[in-house]
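Which chain is which? They are A, B, C and D, in the order written, and residues in each are numbered from 1.
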Amino acid sequence: MLANSSNLITAKELQISAWINSDAPLTISGLKGKIVVIHAFQMLCPGCVSHGIPQTVAIEQLYRDNESVQIIGLHTVFEHHQVMTLDALRAFVGEYRISFPVAVDQASQDHAIPKTMAAYELQGTPSLIIIDQYGYVRLKHFGRISDMQVGSIIGSLLAQGYDAEIDKKNNAIVKESTGANCDEQGCAI
Amino acid sequence: MLANSSNLITAKELQISAWINSDAPLTISGLKGKIVVIHAFQMLCPGCVSHGIPQTVAIEQLYRDNESVQIIGLHTVFEHHQVMTLDALRAFVGEYRISFPVAVDQASQDHAIPKTMAAYELQGTPSLIIIDQYGYVRLKHFGRISDMQVGSIIGSLLAQGYDAEIDKKNNAIVKESTGANCDEQGCAI
Amino acid sequence: MLANSSNLITAKELQISAWINSDAPLTISGLKGKIVVIHAFQMLCPGCVSHGIPQTVAIEQLYRDNESVQIIGLHTVFEHHQVMTLDALRAFVGEYRISFPVAVDQASQDHAIPKTMAAYELQGTPSLIIIDQYGYVRLKHFGRISDMQVGSIIGSLLAQGYDAEIDKKNNAIVKESTGANCDEQGCAI
Amino acid sequence: MLANSSNLITAKELQISAWINSDAPLTISGLKGKIVVIHAFQMLCPGCVSHGIPQTVAIEQLYRDNESVQIIGLHTVFEHHQVMTLDALRAFVGEYRISFPVAVDQASQDHAIPKTMAAYELQGTPSLIIIDQYGYVRLKHFGRISDMQVGSIIGSLLAQGYDAEIDKKNNAIVKESTGANCDEQGCAI
């Protein structure tokens, strides 16, 4: 049970150069009140294509009718920049019939690693980030993670719910008695 | 969000003739305060062996260190009674290295369907039953169900937590603001 | 390429106490001219149920219309004898919808290991035995083996064909130029 | 059994613009005496990535030490030409750790479909082509095909062997008594 949010890290804002499957840009601040599930991937990353993308599609299918959950694909290119272009990504999204919003992580002028990926200190792709309704990072996982564990974390956050008053008043105190035991490493079960 | 428990069905007590992997009999009433996950199976049911048992093992592994979750295998023999004996079940449990408690549903004198299975009105095997900490049935599912959905329901109930005072005072009011939308058909997401 | 059969072991005769899915007993000698694929299993062996049986069903489906291939399931009980009875096996065969002939390996009076299993010196279950049209053992494999490798061996033997004259004349010389390189360890590719 | 080759189609020559993982270009005529397995794919084709490429890798692993089998990946781009470039393919081959030779099908000036794909009249990707040691097409399959069936065809052709004298003398008569029953639709089992 979370007594306070002192151990939680506030989710950084996304830095995005283009969106696919979204009329307008999405922002972490604009999604307050929703659980935000971000799948960081590269289209030429085998583990992303074989496990990460299918798992994200499964998340989308399970919570399709739940307005409290927002899925975002984040294309975090840190190698082969010259071939993983926006046009290539569009073709990829079309061929894989991905229907959730996909954001292109803004390239850095100085480093191979793009800006959002750097801000979140991701270790690589695939990575899964889950942000709660109050804007705290509840999971940041590199590599494979079981569907059951992902469901357990999202279910836990859905049950926690969102109280705009609490958020407004304090913007620092996560609602008590959530039953979840989460820190920046993820939610312990 | 559950305003009250008027739509929820109270879990019936188990009627068991033998236990494997448990020193003492487990009861629904004695497990108040815990989430009870019951996998109803038959050792000669192909879907149970290929999907139900492995999923139950996965549930046990994910929540192994969580004392709020109790897994029970329920051997609900409704056909081939003469060969799915207690001895055969013991061999099965040993060969499949099942470590959670397994209960033998009490045979009926009059019907092929054993007593607990009849009381829960199960449609067949495999079936998955999830009972919350207050003793209400939150899921009763016949056939295959995704790991993500199972995780989502258990995670939701874990976040709901358990307040013995509420349980004592009312024994009818489920804690508010769980975020879950559950009835006897299961938890809507 | 096989210059002669000096390295090949002649398949021992089956010692069977009962047959399921076969009107009459099958024998190795009576199946001369056919490729005989024997899947040795136990109904309470997890690896048999999860991989061995499905692979054998796949073999049967691929070669269903080919009269040169005979599939046999061999129930080689070497533990839990008291519960893996003929009645239990009948229920198992029915529930798993197995349509190929299943033979019960004859129990030994003196040992846990049944007679055919002992004669073939099998290491355990699941085991796959492939016998060519001339009665020589071409594969004896304990544990998991890939579908592709099984297909490759059967395809190789099918291409070798069968010449009853050769078989009669010599009963020791395997037709030359088969392209296969097989000994008692199996067929090298 | 093949009485003659009158029903078999001679494999057309490859028309290739670039090779990856091969020091020199490979040709159908130059591979006479070997079984040639061609996996036609596109890097943005989901079925190719999930099933076709892994199956081709499995073929390569099973027959790695067999000099009679040559695997070729054929990148037959017929859509998204502007993003499935040679550079992108190089990155793909590297990320997926593909070690067999990969050929880029020569683009047509007039049509979306590249030249080799058109010559073989492929229906799409993934497609699997198997050419025997005499240069005849034994399988041309669009979509998914089981590992067991692929193994059976290759095993059958390996057993058929290759006789350069026969090939030279006639260049039209496939060695008799192969036991395989193949036409342009593939090898019947």
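As a working rule, a residue touches a chain if its C-beta (ideal position, glycine included) is under 8 Å from a C-beta of that chain, and two chains touch if they have at least 3 such contacts.
No experiment lies behind these values; they were computed from the predicted model shown.
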Pair joined by more contacting C-beta pairs (B-C or C-D) = C-D
Ask   = Rounded to the nearest whole Å, what is the centre-to-centre distance of chain B and chain D, using the mean of the C-alpha atoms as each centre?
value = 52
Computed distance of Cα centres, chain C from chain B, in Å = 41
Request  = Between chain C and chain D, tell me the centre distance in angstrom, where each centre is the average of that chain's C-alpha atoms.
outcome  = 32
Inquiry  = Going by the touch rule set out above, what shape does the chain contact graph take here: line, ring, star, complete or other?
reply    = ring
Request  = Please name which positions on chain B make contact with chain C in the complex.
outcome  = 44-46, 49-50, 80, 82-85, 87-88, 91-92, 95-96
Request  = Show which residues of chain A lie in contact with chain B when the two form their complex.
outcome  = 1, 58-59, 62-63, 65-66, 146-161, 177-180, 189
